[in-house]
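Pasting the structures here.
Below are two complexes that have chain A in common, paired first with chain B and then with chain C.
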Partner chain A sequence: MARLIFRRLLEAIPILWIVATLAFLLARAAPGGPFDRESPLPPEVKAAVEAHYGLDKPLIEQYGAFLKNLATANLGPSYKYPGWSVQELIADKFPVSLELGLWALVVALIVGLGAGLLAASRPNSPRDHGAMGLAVVGICLPTFVLAPLLLWVFAIKLGWFNAMGYASGADIVLPALTLGLYFGAFIARLTRGSMLEVRNQDFMRTARAKGAGFSRAYLLHATRNALGSVVSYLGPTVAGLLTGSFVVETVFQIPGLGRFFVSAALDRDYPMVLGTVVFYAALILLCNLLADLALAWLNPRLRKNG
Partner chain B sequence: MADTRDMLSAPSLSPRAQAWGRLRRNKAAVAGAVGVCVLMAACFLGGFLWPQDPAAQELSNALSSPSLSHPLGTDALGRDMLARVLQGGRVSFAVGLLGTAVSLVIGVFYGMFSGWRGGRTDALMMRLIDIAYALPFTLFVMLLMVVFGRQFWLIFVAIGAVQWLTMARIVRGETLALKQRSFVEASRVLGQNGRGIFKKHLLPNLAGTIAIYATLTVPTVMLLEAFLSFLGLGVQAPLTSWGDLIKDGAVLMEEAPWLLIFPSLAFSLTLLGLNFLGDGLRDALDPRRGEK
Partner chain C sequence: MRARILNCFLFAAALCLLCVGCAPKETQALEAARQGVLIIGNGTDPEDLDPHIITGLPEAHILWGLFEGLVNLDGKTLAPIPGAAERWEVSEDKKTYRFFLNENAKWSDGVPVSARDFEFSLARALTPSLGSKYAAMLFCIKNARDVFSGKQAPSALGVKALDEHTLEIELERPTAGFLAILANPIAFPVREDVLRAHGDPFTRGSRWTRAGNLVSNGPFSLAYWSVNDKVELRKNPHYWDADKVSLNAIRFLPISDQTTEERAWRAGQLHLTDSIPLNKIDRYRDEPCARFAPWLGSYYYIFNTQRPPLDDPKVRRALALAIDKDAIVRVVLKGAHIPARHFVPEGTADFFPPQTGLGHDPELARRLLAEAGYGADKKEFPSLSILYNTSDMHRPVAQAVQAMWKKELGIDVALLNVSWGAYLSMRGEGDFDIARASWVADINDPANFFENFRGGNPLNRTSWKSERFDELLQQAERTDDNARRTRAFAQAEEILDDETPLIPIFHYNRAYLVRPEVKNWDTNILDQRPLKFVRLEGAQE
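Coming up: the complex of A and B.
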């Protein structure tokens, strides 16, 4: 277990380095600097601003400084918000996104596992077809379709929720549903598939032969084994929740990191974009590690080989 | 069960013909295929069937609800929404197909090369794919759009360039298995060179698998394009795509819900059809999977 964690953390360093380097090169390859505005700055002002941010130095020196700062978790100043460093902005905005993401994950797991288990408990029955039909519909409603639709129906037509903003607890319901339902649909299909695979295996027959009732065998023995595929899917889910949060936070006007990243991208605030990309990459790696640990906990065979 | 019936009624059918039969019996897959074909035909031939200029503005008639002269209403600039949805569909389908083609070429060659060489080359190439899976590619595509501007060709090249990983993995696995088969070995013993084996034996035998994953890649690519366009990082005016139309519709949904509903409907139906078709193809060509 400790070896697994150690190896994964060691692997994360080169991956983060690749991400940082690619992002750095892309940002520097941009035609037009971040201080080219529609009304151009006087050349001496522009030179002074660029010198302030070290943009007049050779590329390799800038790269070195960037990596050195990165190693100490210093992501540099934001161009768009003078006086703020990128890590301060991330620390300010990310908790909101994290809260939204966690609620969305809860929705996805409840809906996905619930529908998947229900469908697999009696394959090819009306309940199976109903649950899977809904799952297919869910997969065809990506966040940027579902978000405006939910907003229109529940906030504008029915008036149950606020259409904009993020002040009271109820404001999280629609965004979390939007984000969660889409991934819930995928999890439902996955759960059903792996439950159907597991239910015919020998240990299930053994459990039944030893006197476990259907629901005990089904919920305890089969589910634990079928959960593996769902847990492995959590890594990609987290990555998807991140990109989904760009859409959801934009539509529902939530002041989280996702919306901030999109506006930083549109404003060409390169340090902010670079810093956020590296931060997101680290977050995805961390979630993959957590998923691996959960997998090892569920399946003792994986613990040994780490 | 379906297999037994196949064997009893038509014992001499080739595997390909059997797969075709299985696909045609799958109602969802057939409906999906027909639906997608109809939508695609409408989008690409739409200019002839509905000869309205999608860019023609009629400001006096802005935001009018669906009517006989404008079946899907008009947008904030008085442009005909039916013509706009058809034009957006052309762009969405074009990006989907071209992006899939890019990912197909990269994935198939990478996977075949890796599987064919085997050994350390293969191990290294697959390790690279593992690493690539951990990279936040969507963010890189966004970064590309920010840096190099929102050009049409860049969108599908960038999306295609990040969507080939699964294809490469699957093709590599199949190639590894095919390599062991006696007809490939025989061909090699008889003096066929690597290129000939690629063309004569590997590609034809991989065609089914490639078709399945290509069908499943098209909706993924279209989804990513729509996502970018929705955030304002996709196609640029005067071009439009379904994602771009949904973005505009979301802003004005209170005054003019038809601006949101019709592009969303077109996009979701396309995804539905492509997913049904892809699942059906997979079940038809790989019956062991379908039986589970």
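Coming up: the complex of A and C.
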């Protein structure tokens, strides 16, 4: 197990380097620069600002400086927010997205596993059709539709929640539901599918034959085997959830990290683009590692080959 | 068993969710009004709070509460009124201004505001390494241009503190709007020792603008700033006119999404919005909370005058006359803005638009196009495209223009919708036929608009050049005789109308919502907001 972790961490270094390099090149290849505006800066002012950030140097030199800084975990200053550094902004905004993402994950798991198990417990019954019908609706309803819908009902019509902001504890309910229900719908379908596959396997019949009740066989033996696909799906999904969603953060006005992924690219805030991309990549690698560890725990066969 | 536990848990969770939300509550706006806290939807996220670095209106809105220049502008008339200086004298030749600072003026940490602070600040704003976008606004000050380009030492600048409370500013030549310039963030004071405590005062990237670090001299001080979250100002007890300041605090929320903002407004979370979404204009039009305030901005299309057939003024004029701006404003923009016949908006100081102008005259347009050699039995009109960036407004406007040209002139144009960055770079490099553009003036002066079409100015993306036009601009700049300035501007506008390097489409209104509790909310064409005098009804004193 320790070897697996060590090997994965070693592998992460070249992967992060490739991601960082690609992001660097793509960001620079995009037309326009960080200091272009509708009413443009006077040329001499633009030159002074670009010189301040070293943007007047040859690209290869900038790349070298970027890698050197990255190695020392220094992501540089944000161009858009001149008084703030990229790691400061990530450190400031990530906890918000993390909190929201964890709550959304709880919602997704409860709804997804619940509906999936319920549906698979009696395939092709009204219960199955009902749960899966809802799941399909959930998948088809993107967050930018669901969020305004929830807001309209619970914030405007009923007045139970604020229509935006992230000041009080209750403010997390609607965004967490929006994000959670969407991913919950995927998890529900995944759970149902793999449960149906496992249900009819030999070991289930053995378990029942040896006297295990339906719920014990179903919830304990089958679930443990069926969860594999859900866990693999959760790896990258959790990374995505925790780093925030542009749509949800914009609609609910939440000061999280998700908005930076999009706004930094649009603003051509190169250090912010690279910082968020590298951060996201590192998080995906970490979550995938955790997912693999969870899989190994669920399935002893994987441990040997680990 | 496990299933039951899960069920119980689910039920409990659902119950918790309901209880959290069920308690009836007063809207946030009313609660805040009671506490004297004004909540403002402030548009895009402020990038910085350094008055010499900021480039946008959202930042300026915050800074007008935080800082105070030598003069303030009256919220209604934009006439200069005392700010940090309680009075001023102008020399006979109108080239030397002497400002007498209010002796009670203090920074938010209680230190007196001195003339030396202004001397330092104006020189700092002109430091080349700082890269201040609006430094050029100060070029009317003696030697400012040379200081900015590094040709002269900062000490050569025509700004001198004669003593603690007297400041003398020498100008290059008499300048009509000089006092109004001093009310802009670029002329706000910052304090040298505060800046030095947080690094080099003459480069970007300093942390002095953070809450807790920032010291300001205006009616409010900075209490909280978190990116993408909010900026909160608190009443500055050391402010010289603190007795007149009614608000206890102001909360600026950076809500970039208009729909989110409008929803928050309906839920009672805001006193003021930054805008009204286009699709909600009809709904709010006649409500007392809606404001439509003329704004010093124009929305227009520019021609690349180097690309045939747009090098022919007749073609450009024909295209302009074929557009029904009234219809665009009425139908596409729901009447939220003002149809334009000229480039410079009416209401700009010293500007009286000429009688002519670019109205809607399809008959004349067809004739002009025929004269230029295009038409049914003549040359085929080359295919052109309209460049614009992705936006809910630019697209329908471009579609309307496309349809009008097809209908009136039988011309097909393509629509080229690109991302913001691509749009700026294509327009900047002249890689377009026709492009949308907009300009919002920083000061109340027609010259600020006309600069966009001065020959050789990098702002001028059209490649159009007119010696007569440039000469008129120079005339207006060189004179302090208002009548001559006005005449020069009217003639300059006539040249733009005749030669048509651009098609004016509409002048901006600022459309936003204001709750009835907000009093003394004055509007003006610069959208300068005198937060100092704003009052909230129902506030507990």
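As a working rule, the second predicted complex is superposed on the first by the 288 of 306 C-alpha atoms of A that agree within 3 Å, B and C clash if a C-alpha of one lies under 4 Å from a C-alpha of the other, contacts with A are read in each partner's own complex, and residues count from 1 in each chain.
To be clear about the criterion, contacts are C-beta pairs under 8 Å (C-beta built on N, C-alpha and C of every residue); 3 or more make two chains touch, one makes a residue touch a chain.
Since we're looking at a predicted model, the values are computed, not measured.
J.: Would chain B and chain C fit next to each other on chain A once aligned, or clash?
T.: Clash - chain B and chain C, as placed by superposing on chain A, overlap.
J.: Kindly classify A:A23 by the partners it touches after superposition: chain B alone (first), chain C alone (second), both, or neither?
T.: first
J.: Who contacts more of chain A, chain B or chain C?
T.: Looking at chain A, the partner in contact with more of its residues is C.
J.: With both complexes superposed on chain A, which partner does A:I15 reach: first (chain B), second (chain C), both or neither?
T.: A:I15: touches chain B, not chain C.
J.: Between chain B (first) and chain C (second), which does A:L219 come into contact with in this model arrangement: first, second, both, or neither?
T.: second
J.: Does chain B (first) or chain C (second) touch A:E61, or do both, or does neither?
T.: A:E61: touches no partner chain.
J.: In the superposed arrangement, which partner chain does A:Q253 touch: chain B (first), chain C (second), both, or neither?
T.: In the superposed model, A:Q253 contacts chain C only, not chain B.
J.: After superposition on the shared chain, which partner residues are touched by A:R268: those of chain B (first), chain C (second), both, or neither?
T.: The answer is both, since A:R268 touches chain B and chain C.
J.: Looking at A:P142 after the superposition, I want to know if it touches chain B, chain C, both of them or none. Which is it: first, second, both, neither?
T.: first
J.: Would you sort A:V45 into first (chain B), second (chain C), both or neither based on which partner it touches?
T.: The second partner, chain C, only.
J.: Given the superposition on chain A, at which of 111-119, 183-191 or 327-335 does chain C overlap chain B?
T.: 327-335
J.: Taking the contacts chain A makes with chain B in one complex and with chain C in the other, which residues are shared?
T.: 30-31, 148, 151, 156, 250-251, 266, 268
J.: For the complex, which residues does chain B have touching chain A?
T.: Contacts found on chain B: 131, 134-136, 138-140, 142-144, 146-148, 223, 226-227, 230-233, 243, 246-247, 249-250, 253-254, 257, 260, 264, 267-269, 271-272, 275-276, 292.
J.: Going by the contact rule at the top, pick out the chain C residues touching chain A in the complex.
T.: Counting only chain C, the residues touching chain A are 1-3, 6, 10, 13, 17-18, 20-22, 24-25, 28, 47-50, 53, 55, 128-133, 135-136, 148-149, 203-210, 226-229, 253, 255-257, 259-261, 263-264, 266-267, 269, 419-426, 428, 437-440, 458-459.
J.: Okay, in this complex, where on chain A does chain B touch?
T.: 14-15, 18-19, 22-23, 26-27, 29-31, 136-137, 139-142, 144-145, 147-149, 151-152, 156, 193, 196-197, 239, 242-243, 246-247, 250-251, 262, 265-266, 268, 273, 277, 280-281, 284-285, 288
J.: Report the residues of chain A in contact with chain C in the complex, numbered from low to high.
T.: My answer: residues 30-33, 36-46, 48-49, 52, 77, 80-84, 89, 92-93, 110, 114, 148, 151, 154-156, 158-166, 169-170, 173, 215, 219, 250-253, 255-256, 259-260, 266, 268.
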